[in-house]
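Look at the two complexes coming up: chain A is in both, with chain B in one and chain C in the other.
Presenting the complex of A and B:
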């Protein structure tokens, strides 16, 4: 394992297009559900416990066994009812593979446009990282993306937003540990925690003519 | 309390459906309702006792055979209550829908009362050529009440492939469940999965609702509301969809 390699994978500056996505926050800001730090706190806690856990478990499972990419990809399809979110996940998976190919030698079986957690797991496997490490990166990424989007969308104090992320770090570790522990389960038994407002918000967001973020 | 209920609906060979098995145990009692003789049976779930209460382990198995048609309703909302200190109450509903068969599962909501600890497990397998309409509504707490813990865990497959896999957890043990990613302070949520060939059109079903084409042959309609009436306004019209035949 290499801690520096893990930091590369989790870095928001990785050129994988993550900055173009708000993780569903933009729609909830527009709906008036997130206005300040306390609203962002509730959003991020729910996101981490649902999409964060699912992403972490699927990234860990893909990292642990590179022969499972295809079944894991179908498993994410079944857990992502919103077509807008399926498109966003595959677009981010594709961008992540592009960055990953420049950094490491990726397993060919990952395909061209997998869901983002499968792509992340493939990069981690190629980089020699472990399932629990990529689970931490996935859980962390599920909240840092919307947190930085919150600074841009709401003009929140960046120090206060990072204080919130620091408070959530232990929960991130806990979610990653659960995800890694379950990563060997059959696909149907892997975490499937859903977030109804993220699905609904993504479908509304996709109809907007003007938006700051792609999702 | 442990109880099992079992329904088997079969084609009667004359274009209608007969109920070969209709077995219930309190608190899962089953009553055939609707018009006799039209070959389209409606079965109501009738709560035979309070609850579910902690410690309850309830199971309902539904089989709809080739070419058969069945609609399942309930006479009232079910109310998950705390009861004595015991493991979480559990209701497992399984269903199989054969080729050419239709199952419409449209029960009244589940209400999560304060202090409850309940797990609702749904496992539905639809064969190629079968039709499904599966509705589940959840109300988080009685009026003005914080809910207890409920986990709803659903898996619906079509033609042997998992079409929809979803868990929703609410209550004090679920981080962020009332935050803006999950229910955003909404007290009620409803989901409607339709699988098969005749599906409602995708789109926006209201300010806090959407009808989403799944990756496989089906749709999910989800609605979140400050109360159950908002959810019903979004989802009820889809349950009356003429695309899926209604008796009479």
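Presenting the complex of A and C:
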């Protein structure tokens, strides 16, 4: 394992399209459900427990067994009822593969536009990272993306936002450990925690005439 | 019988099978990919109007498509549609997450995907215009996204803009100073702008334009024609 390689994969500056996505936060901000740092705290904890856990488990599973890509991809379709969120996940998967191909030799079976966690698992496998490491990157990414969007959308104090992320780091590690432990499970038994309000928000968001984030 | 020819049954026409491991399809794109020209500049300087003018001027002679990066997801595309300069299937909109410069410089993935999707849907193209979201004087395009870039400023923004410089004014392959028709109204001195632009840009070209008067953006269209011709 290489810690520096893991940091590369988790870095928000990785040119993988993430900056254009708010992880559903933009819709919730517009609905008035997230206004300040305590609202963001609740949003990120919910995100970590649902989408973060699912992403981490699927990224770890893809990393652990590169022959399961298409099966895992279908499993994520089943866990993503919102067509808008499916598109957003696949767009980010495609962008991640573009970055990954430039850095490592990716397994061909990953396809052209997989869900983001499958792409992340493929990159991690190609980079020689372990399932638990990519699970940490996935869980971390599930909250740092919306956190950075919150700074831009709400003008929150960036130090307060990073203090929050630091408080959430142990929870991030815990979620990643749980996810990695289950990475060998059959796809149907992998985590399937959902957030219906994010699904509904994403569908409204996709119809807006003015939006700053793609999702 | 030729080894590639075989019969599957009495009702079936004899047919060949492709060599295993060889893609039987012709390559999707033949020839060089489209020339990609980035168009950047501050909000309101006339980027979309310039794109519309270029579509009008070049649409009949070049196979072209446009990628927009506006926060109004359909505004720029609607403008082009309303003006009848480009059909909807030739326009893609990219969202930039509050950071228009990131999408054209630091993380160009969404724009590259849009360009590739256009080429996949429309077949080979000669020219793709990538219009950035309105930004500031520091925004420039990555060479990983575009081949050449145009920076658009306007006279109404004040005649100091070329002197202020910044990467857009200093390094763009073509600097367009738009809205020259407004110069007398805002007290801008075009000769000052010309002198400052030359001082900032060395040998790089600068053109003055009034899109209100020249709806075909003649000097910019000529510059692009030259680029396209030099690639063939």
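Just so it is clear, the second predicted complex is superposed on the first by the 215 of 215 C-alpha atoms of A that agree within 3 Å, B and C clash if a C-alpha of one lies under 4 Å from a C-alpha of the other, contacts with A are read in each partner's own complex, and residues count from 1 in each chain.
As a working rule, a contact is a pair of C-beta atoms (placed from the backbone, for glycine too) under 8 Å apart; a residue touches a chain by one contact, two chains touch by 3 or more.
Predicted model, so just to flag it, every value in this text is computed and none were measured.
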Superposition on chain A - do chain B and chain C clash or fit: fit
Angular separation of chain B and chain C about chain A, which is computed from CA centres of the superposed model and rounded to the nearest 10 °: 120
Touched partner set for A:77, first chain B, second chain C, both or neither: first
Partner chain in contact with A:162 - chain B first, chain C second, else both or neither: neither
Chain B versus chain C as contact partner of A:209, first or second or both or neither: second
First, second, both or neither for A:49, with chain B first and chain C second: first
Touching partner for A:87 - first (chain B), second (chain C), both, neither: neither
Winner by number of chain A residues touched, once chain B and chain C are compared: B
Partner chain(s) touched by A:193 [first = chain B, second = chain C, both, neither]: first
Partner chain(s) touched by A:34 [first = chain B, second = chain C, both, neither]: first
After fitting on chain A: smallest Cα gap, chain B-chain C, Å: 19
Chain A positions touched by chain B in one structure and by chain C in the second: none
In the complex with chain A, residue positions of chain C that touch it: 71-75, 94-99, 102-103, 106-110, 112-113
Chain A residues touching chain B - in the complex, by the definition given at the top: 24, 28, 31, 33-34, 39, 41-51, 74-75, 77-83, 86, 171, 187-188, 191-200, 203-204, 207
Chain B - residues contacting chain A, complex: 153, 155, 161-169, 174-186, 189, 191, 202, 204, 207-210, 212-216, 220, 222-224
In the complex, chain A residues that touch chain C: 13, 15-22, 91, 94-95, 98-99, 149, 152-153, 208-214
